[in-house]
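The first chain written gets the first letter, and so on, giving A, B, C and D; residue counts start at 1 in each chain.
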Amino acid sequence: MTTPAFHGIVPPILTPLTEDGAVDIASLERLTGHLVEAGVHGLFVLGSTGEVAYLTDEQRGQVLRTVVRVVAGRVPVMAGTIDLTQARVIEQARAAVTAGVDAVVATAPVYAINDLAEVEAHFRAVAAAVEVPLFAYDIPVRVRTKLPVELLVRLGAEGVLAGVKDSSGDDVGFRRLVAANAAAGSPLALFTGHEVVVDGMLLLGADGVVPGLGNVDAAGYVRLWELARAGQWAQARAEQDRLAALFEIVFQAAGRSGDAAGVGSFKVAAHAQGLIDSPVMAAPVRALDGEAAERIAGIVREAGLVRA
Amino acid sequence: MTTPAFHGIVPPILTPLTEDGAVDIASLERLTGHLVEAGVHGLFVLGSTGEVAYLTDEQRGQVLRTVVRVVAGRVPVMAGTIDLTQARVIEQARAAVTAGVDAVVATAPVYAINDLAEVEAHFRAVAAAVEVPLFAYDIPVRVRTKLPVELLVRLGAEGVLAGVKDSSGDDVGFRRLVAANAAAGSPLALFTGHEVVVDGMLLLGADGVVPGLGNVDAAGYVRLWELARAGQWAQARAEQDRLAALFEIVFQAAGRSGDAAGVGSFKVAAHAQGLIDSPVMAAPVRALDGEAAERIAGIVREAGLVRA
Amino acid sequence: MTTPAFHGIVPPILTPLTEDGAVDIASLERLTGHLVEAGVHGLFVLGSTGEVAYLTDEQRGQVLRTVVRVVAGRVPVMAGTIDLTQARVIEQARAAVTAGVDAVVATAPVYAINDLAEVEAHFRAVAAAVEVPLFAYDIPVRVRTKLPVELLVRLGAEGVLAGVKDSSGDDVGFRRLVAANAAAGSPLALFTGHEVVVDGMLLLGADGVVPGLGNVDAAGYVRLWELARAGQWAQARAEQDRLAALFEIVFQAAGRSGDAAGVGSFKVAAHAQGLIDSPVMAAPVRALDGEAAERIAGIVREAGLVRA
Amino acid sequence: MTTPAFHGIVPPILTPLTEDGAVDIASLERLTGHLVEAGVHGLFVLGSTGEVAYLTDEQRGQVLRTVVRVVAGRVPVMAGTIDLTQARVIEQARAAVTAGVDAVVATAPVYAINDLAEVEAHFRAVAAAVEVPLFAYDIPVRVRTKLPVELLVRLGAEGVLAGVKDSSGDDVGFRRLVAANAAAGSPLALFTGHEVVVDGMLLLGADGVVPGLGNVDAAGYVRLWELARAGQWAQARAEQDRLAALFEIVFQAAGRSGDAAGVGSFKVAAHAQGLIDSPVMAAPVRALDGEAAERIAGIVREAGLVRA
């Protein structure tokens, strides 16, 4: 078995913002450099963790160009192309390719009410519109559609899809996807977005991981990856347990929205580490603050992730 | 009680397309003219029925400018501003205002996972960004958020919202909204999108209706509106029964997606009536054809809506 | 058009309980008598409002026998047969028939994961097991299955179903059901459970209403029914508006569960009126109390429903 | 770390039925004996896989007594107590204890619309009503409620709950549950119901597994358990891969309901192996037959699970 071009730890990089809501280019440069130096195997730009839904096209372009420039070919850069449907997603994908990314990542249509035949046509059209590999982003909690195993493997076998980023929460489905992909000759690179069960997902055959928490402890995920590659599963589990404890930062802001509590906690943590200048979030989301932010910073400090 | 500026029958106008997917300007001009001449009280452009999710920004601009030009001030034009979240929706709203519409209609955020405080901030930001009145578009089946009565009336009383387009399917909630709005001095113009229970909705106090089927029988909805205004409820029910029978066109394409079967049936019907040149739909949706299209055309013909 | 045997205002009668959780027979006798004397056209025993899910089989038998005895044939008694699936529902139905009810009301299976063919077989089996008419209870919020129009009308035409109690919240579906039933010769008696849009539902052709709020103001619903029968729709709407304002009692216990806030408010109101001795609810639900209960009692008093 | 009393492979045993729908006592005896002899560490009777929702109380009693008698204390027997709410579940639990089971397993309330405080009170009441340990059965797809980590661990620490059977599909939540339970001194025995990711779940710390597929290949799951206990994770994964391939039997009856395709495939497979006399299912579910049944039998045969 050969390692696919896209594999390993590929954090969905945060989009640092300034107090007035602009992209904080300097912080983004710093965070990008830090992640690459920590040994990640790629970067996923403009994902849900990157607050893609909140950014204008102009801001998206700034983010893409900054990350591509700083990465400078050291690892592959994948870009989310989140928009409502086919024609608009194609525009996003072309802009990302122009900015220099190595792959694009598209969800099923949003807002539209489509069936699977239409979802399939949507992916075919996006793939046909760009030269770089296309990954399917399976995230039903945001787009309402769960991408079926059969559809994904068929599109992989035909060369339409190069891989899948699975954020569906359906690990039974992911196991079936791994098995069906292997049976088809492994056309797809299969990434999980479940950052607290990475040990189990690697054990069952995931090719890579897109951990939001990788913004906070990239080195930890790289270690977890290496342990799994070496078949040292007990140690991998111990590393995952450590990371799962760190993941408790996302549960500190009870009563806040999913985006505020999740992405917000990563931003507070990265800010506490000095990786970004401000935990500010894109409007209309308010950054976490007060006791929740203090608890998050405390967890990060306790984990030894803040330099004295 | 005075009639609000926005009231009555306001069809969500179809976006006619050419065989190669471009906006069919000539058909759009013809359909716009037909609807205004049928006596509608306004037009809702770039709604779900207008396939807004499938159109690029350039196409949206063409649609807006065409409808505004043909309407020429005879009735108000409202425009959907469908995009993912605040900053992007504001860009859509500003473009619509530049094109000359009289009001904008925004949903809760899409794709993002927000709480109600963030949804409220989102509407406040959109309202602050444009000079024209803002309507809230309550459509949980597409955006996952149900807008609460209390939030809507409060934003109405503060002048943030001018009205609501209710496509939530929650008629109990709509009755409560009507009552709470009346108790607050009727700051909101309240539109229902439920085209087959318009008689009941007008009886309980709706200010207007946004019927997709109004593309097919605008005159029928105008009659229904006039009967209700005159308190002739038995006749109103008879007219609604007739329209409800016509609405069966949306159930003829069993097994097709919601957008294909719903919007698709309106396009087939409007095409059968000669109102638009083609029933083609925006990619990746295929237009209805074959037996389903024949049954739809048959229902429209039987209803006497196709000139010999 | 003849009036079906089952029609009009059929409140889902509360199950009064004593402080130790037993069925309060004396209160149930009093409430039953009160409702019949208020002119209701039937009673629905052991519905969701009757806390059927919380009662043991022994308690259910007590409730059935008490109501049947007090009603003494003055109006039809319909009984919910809520249990998990076919064999268990049949046992409930037979027990209800033995207790003397005039019709039974069954939901789609609960807990089980069935398709529509299985749901249809379930209704056929229940109908075949009892001599009295069977109504389908369409309540997807509790059982997850929405009963399709086509299935209901077909089972009506074949004599399997005598009617439908619609608590689905889908008024578009209800309009289609009314039309399809009329086209089939009206085999089904169609009841709505939406107590705040009764005017509209009667306008569009409902045969009856099952209003939980009818426990609190039965006379009001009987008036609304009579006005609608007389075609006095403006007055019907005014009566409905009054009842809708009274319905605000169910929104007074913010933060409590659906059953606690809904059924609980009816119990507090009926207790304030002296119709039942205690607002106690079946375990594990705590009765409403404190400020929420005071607000509810205040609304009922203000409505003139509490004798001095 | 000591092994809890309840641990290991605990299949949710099928309920074999005769052609006329009665419990097939002889087949149930045979299947029970087979599973115990295959080395399972316990049996879960009257679970969803045991078609508990479809059985009358009398049938449930037959099943419980038969399994308890055949097991004869060799392994613990756990019993599902599936019913609508507290009072009814307590009746089921008491009947199970009377029949001699070692633990009872209860879900959150069904049909009722409760909040978490009411769900907690429900579990407390069930635990207080019986002498044997109580497990919480977390199965939101059937009961709509997801049991939160904090609630479960708190009830474990207080001695209300002895364990959890997790069929929620939320493996991130399960990882958090394992960690929180460990931090609280491991009061809960934690079982997963996800039969195709058992390797990963054991790696992260599950105490046991409730695999429906264990009816078909109990020995395979026992091997998987032993490999995991020995830290032989690569071999564990290989065994799990084999079992996951076998699990494809549940996907052979496309278009059938969840219960028909899932439980039905286990029954067809167990019948093909001679473990039960008939694949008949409880009404209204029809057993799988025709090509789907043939494909299932073929998969089982190919897996070497049918003796020549």
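One rule holds in what follows: a residue touches a chain if its C-beta (ideal position, glycine included) is under 8 Å from a C-beta of that chain, and two chains touch if they have at least 3 such contacts.
Source: prediction; values computed, not measured.
Asks: Which chains are in contact with both chain A and chain B?
Replies: none
Asks: List the centre-to-centre spacing of chain B and chain D in whole Å, with centres computed as mean CA coordinates.
Replies: About 49 Å separates the centre of chain B from that of chain D.
Asks: For chain B versus chain C, what separation do you get between their C-alpha means, in angstrom?
Replies: Measuring from centre to centre gives 35 Å for this pair.
Asks: Going by the touch rule stated at the top, which chains touch which?
Replies: The list of touching pairs comes to A-B, A-D, B-C, C-D.
Asks: If you look only at chain A, which of its residues touch chain D in the complex?
Replies: Listed in rising order, the residues are 169-172, 175-176, 179, 194, 196-197, 199-201, 203-205, 231, 233-234, 237, 240-241, 244-245.
Asks: Provide the residue numbers of chain C that touch chain D in the complex, in ascending order.
Replies: Touch residues, chain C against chain D: 21, 48, 53-56, 59, 82-88, 91, 109-115, 117-119, 121-122, 125, 141-144, 256-260, 262, 282-286.
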